[in-house]
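Chain nomenclature is as follows: A, B, C, D, E and F, assigned in order of appearance, with residue numbering initiated at 1 for each chain independently.
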Amino acid sequence: MNRPLQARKLLTIVCEAALEKRLEKELPQLGAHGYTISDARGSGAHGRRDAAWPSSANIRIEVLCEQSVAEAVAHHLEAHYFSSYQMVIFLSDVQVLRAEKF
Amino acid sequence: MNRPLQARKLLTIVCEAALEKRLEKELPQLGAHGYTISDARGSGAHGRRDAAWPSSANIRIEVLCEQSVAEAVAHHLEAHYFSSYQMVIFLSDVQVLRAEKF
Amino acid sequence: MNRPLQARKLLTIVCEAALEKRLEKELPQLGAHGYTISDARGSGAHGRRDAAWPSSANIRIEVLCEQSVAEAVAHHLEAHYFSSYQMVIFLSDVQVLRAEKF
Amino acid sequence: MPFEPVILFFLLGALAGLIRSDLRIPAVLYESLSIFLLLAIGLKGGVELARYPLADLVFAALTVVLAGALIPFIAYPVLAKMGKLPRADAASIAAHYGSVSVVTFAVGSTFLAGQDETVEGYLTVFLVLLEFPALMIGIWLARRGEAGSDWGKVLHEVFAGKSIVLLLGGLIIGWIAGSEGIKPLDKLFFDLFKGMLAIFLLEMGLVAASRLGDLRRAGWFLASFAIVMPMVSAAIGIVTGLLLGLSIGGTTLLATLYASASYIAAPAAMRIAVPEANPGLSIGAALGITFPFNLLIGIPAYHWLTKTLYGVFA
Amino acid sequence: MPFEPVILFFLLGALAGLIRSDLRIPAVLYESLSIFLLLAIGLKGGVELARYPLADLVFAALTVVLAGALIPFIAYPVLAKMGKLPRADAASIAAHYGSVSVVTFAVGSTFLAGQDETVEGYLTVFLVLLEFPALMIGIWLARRGEAGSDWGKVLHEVFAGKSIVLLLGGLIIGWIAGSEGIKPLDKLFFDLFKGMLAIFLLEMGLVAASRLGDLRRAGWFLASFAIVMPMVSAAIGIVTGLLLGLSIGGTTLLATLYASASYIAAPAAMRIAVPEANPGLSIGAALGITFPFNLLIGIPAYHWLTKTLYGVFA
Amino acid sequence: MPFEPVILFFLLGALAGLIRSDLRIPAVLYESLSIFLLLAIGLKGGVELARYPLADLVFAALTVVLAGALIPFIAYPVLAKMGKLPRADAASIAAHYGSVSVVTFAVGSTFLAGQDETVEGYLTVFLVLLEFPALMIGIWLARRGEAGSDWGKVLHEVFAGKSIVLLLGGLIIGWIAGSEGIKPLDKLFFDLFKGMLAIFLLEMGLVAASRLGDLRRAGWFLASFAIVMPMVSAAIGIVTGLLLGLSIGGTTLLATLYASASYIAAPAAMRIAVPEANPGLSIGAALGITFPFNLLIGIPAYHWLTKTLYGVFA
């Protein structure tokens, strides 16, 4: 108990809901041990996405992982999705318990 | 490819769902290039908001932007909404790809 | 107006939806002044949770608070829930206005 | 049976809330049911309306709106002077009580059908017309004297609001289609109406129970207001109905409309237009007290009073 | 036709899950349908109940509850001794099999109606009464010997739980309203019942398919248990039904109730009260095997057995 | 009345969108309604289908699929050459117009029922069969010449897609159950069909209005295409229907199917298989122009044309 907090990265992806199934398959392949998804709507360079129907829904994916995995995922997404899909990603520093999980 | 990560701010706003339409109009005017919204419930100084019906629903808005925009938005919200609406905001440091987007 | 930004902690908990009622009771007892909850799905060490029905739904709870409260909550969760429930927590540094609220 | 089974669903919901049951009506079901109810009420009204020459309605509608506009002007000074409430709160509560509750209207219609009372079809038109004037009056009461209120925005907020769009849209569709043209739609919108209302009332019971805390904070004055005000409004409704020569059913339903307090359109409009007003007060009173009062006591009472006076005057 | 079309919806859902279709029933639709089904079953039971003198029921109800309480006490040692499962898991699974599945009950009723069997209306009361005792027994089995279990919390969790509130609430409303008073509500709650059940079963098929992974991990012992246990429970139900002098329909439905395993109330209660138990095991068995087994094979088999024994004993 | 009231709901939704009403149909209600409509159409088709010997259908089905496959091959060069659209966009839009819109089919059926035209029951089979070939053709048009397209993935995406699973599943369940076996399910799936369609159309109106911006960016060429293409497709449908000896109702509905453009299955499939294509263009044209065009003008026109030609040729 009272294990120490350790540093990890949190990678957040906001993108079209159409990519959910595909990213759920690819994230583990890129080294992520888990992810959390929630529904979202929003607006960006490609206009407003109001989630009124499936074609205009967004999702928000969070991945807790090591720096190297975060970078691998980020560059995979950049290479495969940035040009054709509505997607935004950002990284932040977090502290976790049980760091071996991530 | 493999563009460098650059620093930006993430501003998160948690507030009454009643403000969604209005904030969607004001955020771009304050310099935000985009935002992401999801549904939320919660509790705070004004009591519990259980999202059981529209009057008690919250939303959670995230804005990736430059420090200056984050501050402009924060101070706009403080001036116009803090006194009469249930609202919490917080800022954090994140790293993004394609920093020119934000 | 233009009050200064002050540092606080953001504690994020991702866990089974079954714990919502219980955590809503315990968080204030541990010193949290508020929290924000949204629905989520995900995957982790215990497999995929697709939120297709109540037993497989996750929630995502955010608590803005002081370092000491964040640690108290984290260690309470570690002691009482880590072994039997699907739960992930992480902490990050944020800046808030009206720091006295948190 | 003088007791409507749909009311039992409200009581079930309230009880579930009070015992802190984990029963929850998903917010989306709430929204879906309210879309259904608004459309259905509009459609039904439109089909009925097709039977009346529209011109005859103009005078009655004008009278009903003007008489209804008395309500916020009565409520405001009572709240501000007697209740010592801040201006914004008094104005917001006055707007809630001046506007109308669609669900109370639906329960009233259902009650009257159970009592074999016929109701003039155009009462739905009154429902639509009564929703917004009080909101305007409330905003004016709160803002008068201030520079530059943005009335355009407010008007848009109200007229493009969900409830006006669906009620009015339904009304027009029903009116165009008529009782034959609407035919296969009636299986959804008319036959299932009462069942859907029952589930909606279950949810309202849950929400009302969760509002009792707000109310306790509001104190005795507001609690009494939430019972006396609808009785005053109902009296205005009965007089207006009798003067206009409405039937017993029509007069009772008009009284019910006046007596009802909005907890859908008004909270949404006030939150934006009069943000300083505490929504806990107005919603607590309207939903926590006035709504159950009308359901359980008010509607049968207004009916009884109307019948009695009808015997005397008509 | 001995094959109920609603069962085809379950198969369609399961198939869609197995081929990894992107078909998803939104969680909110699942919740809305379960609110509907619980209320509808309660209401229907209540209307039927109005026909029986309540006093006559007390003895039958007591017998049914006591006989039903045998089930977790049979299941627990089998799971703990033969299956070598940890105490918490054995207790939790015993609770799931001792409690009942509302949807299995609904399919059983539908099946019997299709076979022109009449069923005593008060079976719904048994459904309500059978839901919780096994949960208590399961928690006691897991916790006995430990200091300070918080029974108050657990009792509240179960009695204020969604399914008891809606079933019991519906029962009482139906009982008060009676078959006439319920009239316009029947269009929603009774006429649409089977269609709603069909959509719910589609979703259960999808969920069941997604649980097969859990099951594979659980191994052969649990899979066999999930088929043998309902047969044992059904036998207890048939004997109890015959002893109480129930009709063929009533006896079959009682057997179905005993044979069914809870996958709504029990998982929720066990997750809180016995958190060390692995929910994958209990839900996998109850939903992945026992539920389809009862739907496809069990219910017709219990009916056939009841008919056969009825010829011999009654 | 040649004017279907369900269409008024589409107009109401579109109007609400244009005046920026805060009316929103929750996404979950949209999904729930589309599950309902797909299942109901499948079930109805299946029940009808039980009346026809399947063997007779094979030739007709083959013809319908082959004739339908002309559409994307006509659309593509027009879009790529005349419209100067990039290959991916031309292919994606061609796929949308080659595939079919379930809701347009439903409105067409409703319209024909209102006109007392009978329709061959197996038209639903054509609906199922016409959904996917054009998607394959579109993907091939976009990808031809490229190495290693993953056809397995694409085929799975389409055949395990929600709409095929529900339509085909419903079809088979309806076919097995037959018109008697389906009996209590018809109260939900058949009686309420039109009402549910009305609410769905309300939502489609809202969505269509929100797509007008996309369209404005797309320019005149695409807007004209969105009106001319369905007329060409309808002509192919009428010729095919007459050649196959379908009734007036059947021929009109086949023309409607060909004329309709997919905005559910196609966008989902194209987004994954041809991601470079701009979904704003295809959805904007299909939903913003072609869908309302077919509803308001196309369907009655195809009916009129079919009747006229029928007088001449049949």
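What we mean here is this: a contact is a pair of C-beta atoms (placed from the backbone, for glycine too) under 8 Å apart; a residue touches a chain by one contact, two chains touch by 3 or more.
These numbers were taken from a predicted model, which means no experiment stands behind them.
Novice: Hop across touching chains from chain C and tell me the fewest hops that reach chain D.
Specialist: 2
Novice: In how few steps can one go from chain B to chain E if every step must land on a touching chain?
Specialist: 2
Novice: Where chain A and chain B touch, do the two copies share over half of their residue numbers, giving same, or under half, giving different?
Specialist: different
Novice: Taking each chain's centre as the mean of its Cα atoms, which chain lies farthest from chain B?
Specialist: E
Novice: Using only Cα atoms to place each chain's centre, name the chain farthest from chain A.
Specialist: D
Novice: So, what's the distance in Å between the C-alpha centres of chain C and chain B?
Specialist: Centre separation, chain B to chain C: 19 Å.
Novice: Using mean C-alpha positions as chain centres, tell me how far chain A is from chain E in Å, no decimals.
Specialist: Whole-Å distance between the two chain centres: 40.
Novice: Quick check on chain E: which residues sit in contact with 2+ other chains?
Specialist: 22, 24-25, 28, 31, 192, 268
Novice: I need the residues of chain B touching at least two other chains; which ones are they?
Specialist: 38-39, 92-93
Novice: Tell me, which pairs of chains are in touch?
Specialist: So, checking each combination of chains, I get A-B, A-C, A-F, B-C, B-D, C-E, D-E, D-F, E-F as the touching pairs.
Novice: Please give the residue numbers of chain A that touch chain B in the complex, ascending.
Specialist: These residues of chain A touch chain B: 12, 14, 38-45, 48, 58, 60, 74-75, 78-79, 82, 88-93.
Novice: Give every residue of chain F touching chain E within the complex, in rising order.
Specialist: Of all residues in chain F, those touching chain E are 28, 31-32, 35-36, 39, 156-157, 160-162, 165-166, 169, 172-173, 176-177, 181-182, 184-185, 187-189, 192, 268.
Novice: If we count contacts the way the header does, which residues on chain F are in touch with chain A in the complex?
Specialist: Result: residues 24-25, 27, 30-31, 203, 206-207, 210, 213, 263, 267-268, 271-272, 275-276, 279-280, 283 of chain F touch chain A.
Novice: Could you list, by residue number, the parts of chain A that touch chain C in their complex?
Specialist: Contact set of chain A toward chain C: 1-3, 5, 8, 10, 24, 28, 33-39, 62, 64, 92-98, 101.
Novice: Residues of chain E touching chain F in their complex?
Specialist: 1, 3, 5-6, 8-9, 12, 15-16, 19-26, 28-29, 191-196, 198-199, 202
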